[in-house]
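Step one of this worksheet: look at the structure below.
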Amino acid sequence: MNKYYSWLILAALIIVVAILPKPLVISPTASVIVTILLGIALVWVLVLTIRGHLIGRRVVFLFIGASLTLPFFMNFEMPIKVSPEVKILYDALAKLPPGSKVLAAFDYDPPSAPELQPQADAFMAYAFKHDLKVIIMGLWPQGPQQANMSIDKVLQYPEIRAKNPKYGVDYVNLGFQSGNEFVIQRMGSSFRGMFPRDIYNTDYDKIPLLNGVENFSNIDFVFNLSSGYPGTVEWVQIAVDRYGVKVGAGNTAVQAPSVYPYLSSRKLTGLAGGMSGAWQFEQATQQPGKASTYVLPQTFSHTVVIAFIIIGNAALMVSYRRSKRGEA
Amino acid sequence: MDGAVISTWLAALLTLGIMSFVYKDNLYYKICEAIFIGISAGYWFITYFWDSLYRIAWIGVVHEGRYVLLGGVVLGAMMLMRLFGKIGWIARWPLAFIVGATAGLKMMVYFTTNAMAQIHGTVDDTMVAFGGGDLYDLIGRLVILIGTVTGLIYFYFSKEHKGLFGGVAKVGTWFLMITFGASFGYTVMSRMSLLLGRIEFLLTDWLKLVK
Amino acid sequence: MLALLRIAKSIVFISSLLFVISILPTHSVYSRDTSPSSSDLGPITVRAFDTDNDAGGSITVEWDDPGYERLSGFAGFLVWRTNTLTGTSDSVEVTPFGTRTYDDRSVSDDSTYSYSVAALVNGERLMSTPSMQVRSSKQWFDGRLTWVLILGLIICGAVIYFIESAKRGTKLFLRRIAGLEAIDEAVGRATEMGRPILFVAGIQDMDDVQTIAGLTILGSIARTVAEYDTKINMPVRASLVMTAARETIKHAYVTAGRPDAYNDDMVHYVTDEQFGFVAAVDGIMVRERPAACFFLGAFFAESLIMAETGNSIGAIQVAGTAMPAQLPFFVAACDYTLIGEELFAASAYLSGEPRQLGSLKGADVGKAIAMIVILVGVIATTIASAWNSESMLWIENLLRQMFSTG
Amino acid sequence: MKREIPLIITFVAGVAFVLQYFIPHYPFNRFENIFSDWFAIVGAFAIWLGALSLMKLCLLNISKKSHDWPISLLIIISFLSIVIAGAIDGFHGLNSVPATSFRDPGTNFDWFYQNVYTPLSSTMFAILAFFVASASYRAFRARNTAATLLLVSAFFVMIGRVPLGDYLSGWLPERMQFSQWANWLMAFPNTAGQRAVMIGIALGTVSTSLRIILGIERSHLEG
């Protein structure tokens, strides 16, 4: 009997998915109702638990699945508070006049892409929109490829397509250079020495954007996306400490705490940390992107986990009270 | 149907198969698991073959004349003697070499990077604390000092955890628990992002329910 | 002929360099003083010496800047090398601003060299007088590691001392570890229930000490398993671990007097892929329903997937790892967890062999030293900063020097 | 003799690799590289043993017609298909000019990697999210002091990292907001605990390594 049930549910699901409109978006009112229903369901689980019916792990899984899936269809905006460290980053970028030259160092590889790619997209979109000239490089071999993926994506945005940024004039990708922090150090005397050719093998001197770009003194801002070594720490220690250029960074959530000290000593001009840093950056630059679609599911799933911790503790309290009553 | 559609469907079906495990073990999962084991074992088999056997050993010895690599080949061959019952015991030699070298190598690496560097870090942190800084930092650095020392006392095996010593060791376990709680809480969010990525793939690329 | 070619190359190189320098913009990130003229400045003094603590092939060049860097047309220092055996000269490097040393790694131990440094100002080269002749050499000891060696010898000496004294029969006290009784308990329960034991020695290969520690615990467990005739299932992620684990279990069965009951398939390779391995282990857990699961070794993100699946089938779970990032998950999901060092200590405890236990005593000496150093360091700093005590400052600096690892 | 030789090998290798740490002189400076090359080569030989063990168990299942024998057959088929693809791609790459790799985009081997291997491994990694939730539901209960501390610190770090925490504590001065609590917990108590664990691990590694080098710990070498 049980077997048939699961097949029936599966069949029903397939039919529902097939007849659903694509893309599926539910109205703000309906979204609020779904959220409230989810909340009521959690309260119901709490009540059940207090009454002594412990729920199984599958119920937890169901709630996690629902809290990660449903928000994708919801059409209401979660107000996002931009943290001070992202605000500093945004302010520094906003101060740059059009035509400013920004060095973007992509120091990460695909495993960190879920967290850093949205930041990269938001940064590239912002730069193109505000006519900042972007010079891309990587201390990690796969960094420049990640940059290209981001550019390909951003160029699809209508407003940016209208601006039609040109390679070599509005942006350039210098590629990867091995040597870790020594690359930064030697860029202090000459960019050309470290990157004689760009990623497409064009000579440094034949690229219009790089005309007159000799070292850090010709760069207005450095934006570093980093997930480890070499990365933000090295950029701060060399580019900021020795050459006095401003550096802002986007980091993975795991790495962010290790660069907080630089933020408080004002060596680092702004920091976007992990997924939340990404959506705050999108919020600050007012261009919702991939990270912003993750805000709701992330918040929902987090709330659900916290709710279940509370439910678990409620169950514990109840069992305490029971055992005490038993003793008396 | 073009290649991209087939790829998406294949990836989606495999994704669902693995996910079905959290409900319960079932035939669908078993099939995905079997494919996973077979494909990944084969992947590494081939990778080892080309990257180690061919690129390091063959190219190294035959084309670059690095005869020192023959030592590795000899050890590897001894390893394969396992397959021939009688002289299988010779496989212990390469094992003995690897275990010995690992012990020597890791002993020094851990001693410097884990023990010495961390002791240095603790002393350094607390030195800064008493040199200045605000209350927030001062308390924090005192906590580092107390936490590290009591934590070490917890790991001290030569004395029974009784009396004052036991009390201090207990504080050590508290610090360990706070540490574990914090790192656990810290990873929850990034783990959710991973699942979010797969769900987004299913909803967007496969079902096209989300734009 | 070759020398001529080299000289020609050098000329081409230098002239192209000079061309580049001549088109360099004249401003820099550093604020400049009111430009003194280059003729006011004294000569650059250059010293060259063999780079210490290395495998040869490297010479360090150092120079003093009498003030060229503050000149407005300054573009960098050019390091110029002359091979005094062949008489050839070439430029090695133009160093960035603020640099006063250069490590030349392109020298041969068989030649002698002399170096000069030129300040590049407005396209001119203001050359220093050459340094003394110098030859690079290999060293037999890395002087930076002196303190590592001393402290290492103290701790290793302590370990060996206690091993020896245990061998001679000295009674050594060691407190018990909570997780260890759980191991016997878990094996006992599996035997009672007639269900198998699952053992995972981490997902690293034999080049990780944690894997070896896991295998040594396996040795003790396998002995009990062999005696009680419990079934053991051990999937592995690396083939070398498979070979080593087979030796370990086989030895346990032989010791228990039941070599015939041993079977190679108790230990079986699955796949080298981290999550493929997890998929298989999860499958084994839900299908074979082991009564006890042991996770002892190096683990990564898969730790919680396995521990939660094990929990869902109601197995007794004992975990142990020295991966700090994974400990929280094992602590949360397993019945007992050997935390960090306890993993390494466990095998010594389980063997019950006095010599093994002695080695733990030695490690305790290390911990005592660590605690004393931390406390002395803190007290010394406090006193040094509060009362300006010279001797305390000396202690503080000594400790810093001792424990700085490069 | 059968027993002594491996112990001698272990001892010599162990001592040699401790010495190489301190000696920059040739040939000691090459030891680490040589070891990693040798290790890779031995691993490449050893994986034949592993693969054969996997195949043997599967064939055993099939020949015994045990419950899941078609699954075992599927393992063999998938294994062989990618191995054959990788072998053909590899040999093809050797002969083509310029030489290509079996991993290059567009090869059959890469097709398996992109469309089968990657979705499977990333999904297996992703279901960790479910287990994180169920583990926190079960484990984070205030049963005793230790468990309560675990719960409380996890709770603050979690809530400090989502917008929710900022809303709940937004009215407080900046230093007292949840995100600051989370940062403080990560920066100080967490560092302290990690340090104690790491120093312990280092000393445990030293004593275990010494036991191995001195031949006291040798269960992996006796069969």
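When the chains are written out, they are named A, B, C and D in that same order, and each has its own residue count from 1.
Rule of thumb we're sticking to: a contact is a pair of C-beta atoms (placed from the backbone, for glycine too) under 8 Å apart; a residue touches a chain by one contact, two chains touch by 3 or more.
Just so it is clear, the model here is predicted, and its values are computed rather than measured.
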| task | Could you work out how many touching-chain steps separate subunit A from subunit C at minimum? | result | 1
| Going only through chains that touch each other, what is the minimum step count from subunit C to subunit D? | 1
| said: On a CA-centroid basis, which chain has its centre farthest from subunit D's? | reply: A
| Between B-C and A-D, which chain pair is linked by more C-beta pairs in contact? | B-C
| Approximately how many whole Å separate the CA-defined centres of subunit B and subunit C? | 15
| Chain centre separation (subunit A, subunit B; CA means) in Å | 24
| field | Chain centre separation (subunit B, subunit D; CA means) in Å | value | 3
| task | Can you tell me which residues of subunit A touch two or more of the remaining chains? | result | 57, 61, 64-65, 68, 253, 276, 298, 301-302, 305
| remark: Among all residues of subunit B, those touching at least two other chains are 18, 21-22, 30, 32-33, 36-37, 39-41, 43-44, 79, 82, 92, 95, 98-99, 101, 103, 106-108, 110-111, 113, 115, 119, 122, 145, 148-149, 152, 155, 176-177, 179-181, 183-184, 186-189, 192, 194-197
| Do you know which subunit C residues sit against two or more other chains? | 148, 152, 155, 207, 209, 212, 240, 243-244, 247, 269-273, 275-276, 279, 324, 327-329, 331-332, 339-342, 345, 360, 363, 366-367, 370
| If each chain is a dot and touching chains are joined, what shape do you get: line, ring, star, complete or other? | complete
| Complex contact set, residues of subunit C against subunit D | 53-56, 138-142, 145, 148-149, 152, 155-156, 159-160, 163, 205, 207, 209, 212-213, 215-216, 218-219, 236, 238-240, 242-248, 250-252, 254, 264-265, 268-276, 278-279, 301-302, 304-305, 307-309, 311, 322, 324, 327-329, 331-333, 339-345, 347-348, 353, 355-356, 359-360, 362-363, 366-367, 370
| field | Interfacial residue positions of subunit B with respect to subunit A in the complex | value | 22-23, 186, 188-190, 192-197, 199-200, 203, 207-211
| said: Residue numbers of subunit D touching subunit A in their complex, please. | reply: 129-130, 132-134, 136-138, 140-143, 151, 154-155, 158-159, 161-164, 166-167, 170, 174, 179, 183, 186-187
| request: Quick one: which bits of subunit A touch subunit D in the complex? Just the residue numbers, please. | output: 57, 60-61, 63-65, 68, 78-81, 83-84, 253, 257, 260, 276, 295, 298-299, 301-306, 308-309, 311-313, 315-316
| message | Going by the contact rule set out above, which residues of subunit A touch subunit B in the complex? | response | 17, 20, 22-24, 58, 61, 64-65, 68-69, 72-73, 114-115, 253-254, 274-276, 294, 297-298, 301-302, 305
